[in-house]
Amino acid sequence: MNQITSNNLLRFLERAAARIAEQREELILLDSPIGDADHGANLDRGFSAVLAKLLAAQDQLPEQDLGTLLKTAGTTLVSTVGGSSGPLYGTFFIRAGNVLAGKMVASPSELAQALAAGVEGIMARGRAMPGEKTMIDTLAPFVAILQAGLSEDMAFSLALGRAIIAAEQGMRSTIPMQATKGRASYLGERSIGHQDPGATSSYYLVLALQEALVERVEA
Amino acid sequence: MKKLINHPSMVVQDALIGFAAAHADLRVQHDPAFVARAQSPVQGKVALISGGGSGHEPLHAGFVGYGMLDAACPGAIFTSPVPDQMLAATCAVASDAGALYIVKNYTGDVMNFELAAELAEAEGYTVATVVINDDVAVRDSLYTAGRRGVGLTVLLEKIVGAAAESGADLETCREIAERVNANGRSMGVALSSCATPQAGRPTFDLGDQEIEIGIGIHGEPGRRREALQPAATIAELLAEPILADLPFQAGDQVLAFVNGMGGTPLIELYIMYAELERILQGQGITIARNLIGNYITALEMAGCSFTLLRLDDQMTQLWDAPVQTPALRWGR
Amino acid sequence: MKKLINHPSMVVQDALIGFAAAHADLRVQHDPAFVARAQSPVQGKVALISGGGSGHEPLHAGFVGYGMLDAACPGAIFTSPVPDQMLAATCAVASDAGALYIVKNYTGDVMNFELAAELAEAEGYTVATVVINDDVAVRDSLYTAGRRGVGLTVLLEKIVGAAAESGADLETCREIAERVNANGRSMGVALSSCATPQAGRPTFDLGDQEIEIGIGIHGEPGRRREALQPAATIAELLAEPILADLPFQAGDQVLAFVNGMGGTPLIELYIMYAELERILQGQGITIARNLIGNYITALEMAGCSFTLLRLDDQMTQLWDAPVQTPALRWGR
Amino acid sequence: MNQITSNNLLRFLERAAARIAEQREELILLDSPIGDADHGANLDRGFSAVLAKLLAAQDQLPEQDLGTLLKTAGTTLVSTVGGSSGPLYGTFFIRAGNVLAGKMVASPSELAQALAAGVEGIMARGRAMPGEKTMIDTLAPFVAILQAGLSEDMAFSLALGRAIIAAEQGMRSTIPMQATKGRASYLGERSIGHQDPGATSSYYLVLALQEALVERVEA
């Protein structure tokens, strides 16, 4: 795959919504011991709204540039999710959209650059760094490995596959961490031993991205 | 989980319908959801706008009315409201005197209110924000998201509400709010967790003889688990870190607030108040004002929190000023 | 059973200590225990005296004050107070205008107040009694001890309290009380029982998907057990027998009271209020006044009750009159 | 035993207090399915108070007449028990005391007469009859059989023994009854199948009476 189109991104958002809906209960369960048991419900509400928005505007979608698409997703998340994850994921999509503003297609490395901007947006909005037991621990290694792969001229699907592995490791790395950001930080040492719900939802999002982009390659 | 609800997804909306039907002097808007005084904006008056996840009732919507809030934005259960709600509320109640956002210090609340303030300012509104962080159970922000905003919120909304009602300008309101925040401390204990409608089961499990010390208001676990103790001992466990933190001192006049978490009967709150009074008396601290009841809750969680606020004359006077809201009312 | 108490045998006494510390405008006496207005007797005013088992807080002590009760006598948990308490309260608050005893219809309450009235009359006091029996869940007194006094008690104490405050004589107060009792009906539902401190375990067990319909305020089982239903259906189950009993009719103006049993969050009570409003609207009945909250409880029981009172102009006016008690306050 | 003395009655009250204390939990348990779980606590509080009162006045007791003793017990119960059982048992002792007023000793039939007056007092105060699933279902047959036995010149201990059997049967007879008085009546048909707590405490009281009177005979 050399070019990412709005169809790819649409499929990504569809798959993201589907995966979040499927994992809703798991995400609620993960948010119980170290949170307030709403992460799955929050994201499900938000991504369903994104999907509804996209369906309602189906006709105009093919003409929309990638940036507009991502920003629509981001503002919809901000307007419907609430909690911590609403502004954070919202910012992620809006910042990524800013990078792709006006573009009808994007190269893999342009997409990776947009995602990197998204992750920086999360870090800025949440005033958080890797290692604080948040979604950043999934997303930061994901983007880093993706960009590294692409800069070495690795095939996109391969680079993406490696990035997914890094994302999964990042997600798992939150288990032994003591949280210093978000609700889990209130627990102090008791936050250790639990996988972060946001790191987990981020993993499902990058899986959705892979599904949306790699299937196309094979098709 | 058994609840008097129609469906987990409809809880907040159905309750708002009931709230609208019950309180004709308030205006309830859905989507984006907010509750505001029917007569608003009040020209020349600073508008107080708060909000947060639902499940803490009567906070915040129950404190909208004369002498307290101008508007409240209810989020999903235990989930911060979205910026659209605060923006809509601001447009509905803010006059040229500006708006003060009253925010409890949770990552989500802070970010959503921040976004709202940016949007409101872009539309020409003047917005100031106070972030409440009174919970001594949480270590400082080097290691955490910072102390949570809990019981003090109720007292702050009342006191600053009275200031705004009396014509204080935005900066004065903000200063008083900061002073309240600087002089108030809280700590809570849970005897049970609570079940959010969407989760359908308690957020954590406690043994038959266990309590959680240092809980917040979201049904989340606290700082540590302990064996159940007599009320007198539990009162010490809550009061000591509060007293040591400010620190409160002999001769202080305080407002003592014993808050129920939602599932604890009033008779137990009075027992806890008796113990708190005894402890404070022993320290030479005078309870000049008090508040006892379920004012900032975590659904049906059993437990309570103590909040102490060191009063000065102005705060006392503002506390005593008339207030007329669904959940707090006196003087008119 | 986990409770914020020092010992099961000390619950009522410890809570009274807290109550006394919290409410300086009230006088709390122990042994025999009663709560009275600090300034009493009020010469020329009929004294309203109520009482009952503890565990129903804020009822009754929380309703002592201007515009409502003159004294309240708290018994042991769910146990009627003893005549000595009512006698001592009568001596403390009754003037020549006499005393009205407000009694919920339970065998124990009725007998203990009867004994008290005999003793008080022997000491020269004029005493009248009203027995409240608003609970439509109970069949008539041919087959039972008669209908229980439940939610209507709160409304009656407020309305008759205002009448007494305005100078109505004993016979007038009694008549108004009877009129309130004749025009009010209630019905309750439990989602859980409650554990009395002395028993240490819930009085009955309910399955995960079961509710008890027709409960009283003592944690006792109700008339029948049903499967958990959506709020809309439960509201029908409560409202229908109430409406049919009086019967309430299209065009009636009512006071609608949605009462929490102690362990149910306020957000659910508002949902139930929304449903009740919908039902009444469908019947052409207007809610002219409302009250929503935990006012007559059964410790930490989860559930709620509906009370409807058909209003006339005088009752409405008396309801609106100023009241200043720990649990109900407006107009001053 | 031909004469009942104040010592007998003192021992009766002591044994009553002891038995109620022992059965406190059982009486609470019986009061749970068809009541409000306080009967054991109520009576324990009351009879402990009676005992305390008697101990405090120990010196004067030998000079007190039987009527005064029983009335002191009755008024103490009224002043400390509350609920339904306070006025009912209080009335029982006060009415029985009235019959024995001024007497330093009583014959068995005088005692039986006093107890009969006590039961009538309960029925009047509670506006209840036998068969309504209350303490009356234990006490009424007890007194009837006691009086019947004594009127046939049966030995007191024998008459008492038979009366106890009748009391036990009366207590058990409340199980299949549907309550029409007291708190249990609110349950309608659901009150069927449970033994009445008041009928049960009454049985312990007559057992205490037997202990107090029959042991003396053997001594």
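Of note:
To keep things simple, chains are lettered A, B, C and D as they appear, and every chain counts its residues starting from 1.
Just so we're on the same page, a contact is a pair of C-beta atoms (placed from the backbone, for glycine too) under 8 Å apart; a residue touches a chain by one contact, two chains touch by 3 or more.
All of these numbers come straight from a predicted model, not from anything done at the bench.
At the far end from subunit D, in terms of centres built from Cα atoms, lies A.
If each chain is reduced to the centroid of its CA atoms, subunit A and subunit D end up 76 Å from each other.
Look at where the CA atoms of subunit B average out and do the same for subunit C: the two points lie 29 Å apart. With each centre defined as the average position of its C-alpha atoms, the distance from subunit B to subunit D rounds to 55 Å. Per-chain Cα centroids separate subunit C from subunit D by 33 Å. Chain contact topology: the protein chains form an open path, each linked only to its neighbours in the line. Chain pairs that touch one another are A-B, B-C, C-D.
Per the touch definition, subunit B reaches subunit A in the complex via residues 32, 53, 75-84, 106-108, 111-112, 114-115, 137-139, 142-145, 148, 196, 198-199, 203-204, 216, 218-221, 223-224. Subunit A contributes residues 28-29, 32-38, 40-42, 45, 78-88, 125-126, 179-183, 185-188, 190 to its touches with subunit B in the complex. Those residues of subunit C that touch subunit B in the shared complex are 2-7, 11-12, 14-19, 21-22, 54-55, 57-58, 62, 191-192, 206, 208-209, 211, 228, 230-232, 234, 262-275, 277, 287, 290, 292, 294, 297, 299-300, 302-304, 324, 329-332.
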